[in-house]
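First the structure, which I've put down as structure tokens, then a few questions once you've had a look.
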Amino acid sequence: MSIADYLLSVKKLNNIGRWASDFMHRRASVAEHSFSVAQIAQLLGIMEENAGNKVDWGRLYKKALNHDVSEAFTGDILSHVKHRTEKMKHMVEEIEVLIAEDMLLSSFNEQYKEVFRDILFDGKDATLEGRILKYADNIDAVLECLYEKNLGNKSPFEEKYYEILRKLEGSDLVSVKIFLRDILPDLEKRA
Amino acid sequence: MSIADYLLSVKKLNNIGRWASDFMHRRASVAEHSFSVAQIAQLLGIMEENAGNKVDWGRLYKKALNHDVSEAFTGDILSHVKHRTEKMKHMVEEIEVLIAEDMLLSSFNEQYKEVFRDILFDGKDATLEGRILKYADNIDAVLECLYEKNLGNKSPFEEKYYEILRKLEGSDLVSVKIFLRDILPDLEKRA
Amino acid sequence: MSIADYLLSVKKLNNIGRWASDFMHRRASVAEHSFSVAQIAQLLGIMEENAGNKVDWGRLYKKALNHDVSEAFTGDILSHVKHRTEKMKHMVEEIEVLIAEDMLLSSFNEQYKEVFRDILFDGKDATLEGRILKYADNIDAVLECLYEKNLGNKSPFEEKYYEILRKLEGSDLVSVKIFLRDILPDLEKRA
Amino acid sequence: MSIADYLLSVKKLNNIGRWASDFMHRRASVAEHSFSVAQIAQLLGIMEENAGNKVDWGRLYKKALNHDVSEAFTGDILSHVKHRTEKMKHMVEEIEVLIAEDMLLSSFNEQYKEVFRDILFDGKDATLEGRILKYADNIDAVLECLYEKNLGNKSPFEEKYYEILRKLEGSDLVSVKIFLRDILPDLEKRA
Amino acid sequence: MSIADYLLSVKKLNNIGRWASDFMHRRASVAEHSFSVAQIAQLLGIMEENAGNKVDWGRLYKKALNHDVSEAFTGDILSHVKHRTEKMKHMVEEIEVLIAEDMLLSSFNEQYKEVFRDILFDGKDATLEGRILKYADNIDAVLECLYEKNLGNKSPFEEKYYEILRKLEGSDLVSVKIFLRDILPDLEKRA
Amino acid sequence: MSIADYLLSVKKLNNIGRWASDFMHRRASVAEHSFSVAQIAQLLGIMEENAGNKVDWGRLYKKALNHDVSEAFTGDILSHVKHRTEKMKHMVEEIEVLIAEDMLLSSFNEQYKEVFRDILFDGKDATLEGRILKYADNIDAVLECLYEKNLGNKSPFEEKYYEILRKLEGSDLVSVKIFLRDILPDLEKRA
């Protein structure tokens, strides 16, 4: 059994930096990003509930907390690699699954194998919780870009800021609309 | 309204280091610690369920994710201050509540005030989830000490390692017993 | 005897950062701040002497060098905690004295106990040297804020800069007046 | 034209760390590693010449200096991903070529396109210079592992040290034999 | 024999920072600077060849790669010390030669002594390759200043930027002219 | 007038690291070292007074606080350069005086020129205070080496530890004897 492996891998996310190849004033680790996404997802979830939608909190937290754990096994493949073409996207995803199966799951007994496969690869699906995760991930990236932009680190973070903002503006989640209308203007001034 | 304040405070946990006044090879931020505690709590929760216990996942994740958020408002008061005497403990807790009320909650409208008071101060109670949080927090501290100990940073981390270990050995949670018996020996060799 | 404890505690001030929870481009350790405050106090002292005032140099240096040593025992309690209300201020000061007595002074023999109690807690009193220390501490904070402000790190350092400046403008020390009139404008351009 | 892109990409190698997901005391950037490999290749080349072999110095330096430049475009894909299976190796290499073509070379005019394709992808071939590069790359990795091993950072660097050593022992280059016999024992004591 | 000494000294260039006493957002190590200068020299060399000039590539790479290795023996003497007066320049150069002879070369056998003396001290002479090195060194300094300038770190990097630019404008190398005309404007916008 | 220059130079000591070219786990800045030397000198001074010797506290603090300020003007010339031969020592000292005169003192008016020349160059003379400074400087270096040695960073810090220890053992100051007999053994166990 190798639950110890899982814990040690999770700890490796402290060592892996976000946006690896670009200079940043405030570089977060993947662990810090995961914490932040979970906090943002929690906030969006509260807003969805205030708006009358039903949130499965166990599912939402689980998705948010674990959405980047597989990076501990593959390293930080730059996101422009992932997002350049559909072919690239599939190649990177295939690598992520193969490596996680090979390095972690293969050594688990049956009791844990299914649970952890679900933890590692249950991500941005069409459920409310999957959609909240997707936009929480975007909002954290927007915040990272905003910090850099406000500190004068414009290239490439100014461009990326507006690029990710457009993704948020395409969301029909009520919580994302509230974020854009009520919270972001405040953040833009004070981040 | 100041939800933006909450987000910016959460982000400050990236800047605050654990065990502030001691030299560490692998210092984690409070954000990284919070992520790690949530991962460990998730692991203990899976084990409790395997053992037939019922886990309220929404509650468990919420407790784990938010248990140190109030440090963003008070700064890093050294834990030996907190734990020296009962009087000290109460003084520090009183400071934490007063500051959080004053800096954050006072500016919230009623809709959010209760939700966030619960998020900030619903911690290590007597529920199964509260007890899992307590020991997950200890297990992360054990892991931090273990890394330092294995890297030769003995003072004060060797002593602290055994001190926290004794707390874990006092637990009657089945998941903590499994951790001590099956996982820790593996971690001791490979961390 | 535990003079060794005192030295090891002093060395811990290298690990404790100033303004812990805010992002800074140029974060100084408490040790670096203490060095800087002693240098600034020396400068103000020279100016006071040039203006005909008598400076007790042994006392001035001693106050400046040791004014934050007690932070090695308590950790970095955020200054807004200390300064929010009179009640908070007293609670934090009480914690500082209790912890220093308990962790350091209690183990000293009588020969050293009085000497070190004086070193740790003889601070910003009404003597000329006590007042120079008070404003040297402010001037170093102004310099820290100025560096951040000039590097574009405006939140919260721009606001803090003017806030601390107002404290300096309230001083009737001739050296502080010279600093504000002759030195600060030069620093503002070139820091 | 985008020679500027090339320069800015080269500078990004300062931001990308080696062995990204493992904790290291002395983490080098990919730029530092490239410098080091070029220095080691130079040393092996001198030894090959002393042994009567002809070295094409222009080719050797060019191979060594540029062998990891393409990582600026793909990010730090962990080497265990690259080396796990032949299939993985091919997938990663395909990604590296596609991304470099797409991000850099496509925008070059014909005059530069061929020159830079050669710079980016002329690596560890069967020429003497290609073989020197291969082992210089290994020797730098051995040195990195040796530093960590000697500093007590055993997991995973002790195991990797012996693993890469075995690769060096499989070399029939006279310079590598001299390195193993005359230089490594000295390094083991003093690194 | 002490080839091991040479390698360990080269590795020390990872620890020595450029522009030591000034605050920098993006401080490079001397190793990173050496890598960068070699890359820039390679680029200028390609342009010289395109313009019909003959480049001795082995010599060019050798000069670029090794031009700051002697700093591993002397430490980072601030460049304003070196460049203040002719007398200072000679004193520093004399120190560099004396120390390298004493710490490294004296222990080499004859076979290596001449080779390494050439590697350490064959620098910015009047050959095409020596002149390319000189301007590649300037261009890397310009890039370092440009990054700081664009990030708002103006003192002293804005002044130094224009100061070094004037040196480049004094060059009659065709490659430097191309750099100033075609590449720098692009870098100024995007660095 | 350029008192501002003096302050900005003092602040540069935060950027300059001790033992620049060697890897250290706990590298202190020159500012932190200066603070530490002043604290150690204070301790030795207390012991000298306890032993009945008269200490000029103003002079002792002034010497300790300012003994390395001139490094802000020259950069970190490695100490082995300074200490290799008498000739080297004189060359480096000449450089330090020339640069400080040229960069700082030349711009002062008469009122400050003499005061600051005294501050910068009144060091390790034969007075009790000058001798305390000399050994306080050694004791801080011993502490730095001890931390590295205890953390397993043996090369070169183990050798240097014993080398500097022998200097301390050559002292006839009563305070240094007390340090060696009563305090160092405690530090060796717990640093």
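Note that the chains take the letters A, B, C, D, E and F in the order they are written out, and that residue 1 is the start of every chain.
The definition used in the following text is that a contact is a pair of C-beta atoms (placed from the backbone, for glycine too) under 8 Å apart; a residue touches a chain by one contact, two chains touch by 3 or more.
For reference, the UniProt names are A, B, C, D, E, F = HD domain-containing protein.
Keep in mind that this is a model prediction, so the values were computed, not measured.
*Asks:* Smallest number of touch links from chain D to reach chain E?
*Replies:* 1
*Asks:* Can you tell me which chain lies farthest from chain F, using the average of the Cα atoms as each chain's centre?
*Replies:* That would be chain A.
*Asks:* Could you find the chain whose CA centre sits the greatest distance from that of chain B?
*Replies:* E
*Asks:* Interface check for copies chain B and chain D. Shared numbers divided by all numbers used: above half gives same, below half gives different; which is it?
*Replies:* different
*Asks:* Between chain B and chain E, tell me the centre distance in angstrom, where each centre is the average of that chain's C-alpha atoms.
*Replies:* That gives a centre separation of 49 Å.
*Asks:* Cα centroid separation between chain C and chain E, in whole Å?
*Replies:* 41
*Asks:* If you look at chain A, which of its residues touch at least two other chains?
*Replies:* Each of 23, 25-26, 147, 151-152, 190-191 in chain A touches at least two other chains.
*Asks:* Indicate which of the five shapes (line, ring, star, complete, other) describes how the chains touch one another.
*Replies:* other
*Asks:* Please list each pair of chains that are touching.
*Replies:* A-B, A-C, A-D, A-E, B-C, B-D, B-F, C-E, C-F, D-E, D-F, E-F
*Asks:* Spell out the residues on chain C that touch chain F in their complex, using ranges where they run on.
*Replies:* 1-4, 6-8, 10-11, 13-14, 26, 28-29, 31-32, 34-36, 38-40, 42-43, 46, 50, 56-58, 61-62, 65-66, 111-112, 115, 119, 143, 147, 182-183, 186-187, 190-191
*Asks:* Spell out the part of chain F that touches chain D in their complex, as residue ranges.
*Replies:* 23, 25, 151-155
*Asks:* Quick check on the complex: what are the chain A residues that touch chain D?
*Replies:* Contact set of chain A toward chain D: 12, 15-17, 20-23, 72-78, 80-81, 84, 88, 91-92, 94-95, 98-99, 102-103.
*Asks:* Spell out the residues on chain B that touch chain D in their complex, using ranges where they run on.
*Replies:* Contacts found on chain B: 25-26, 147, 150-152, 190-191.
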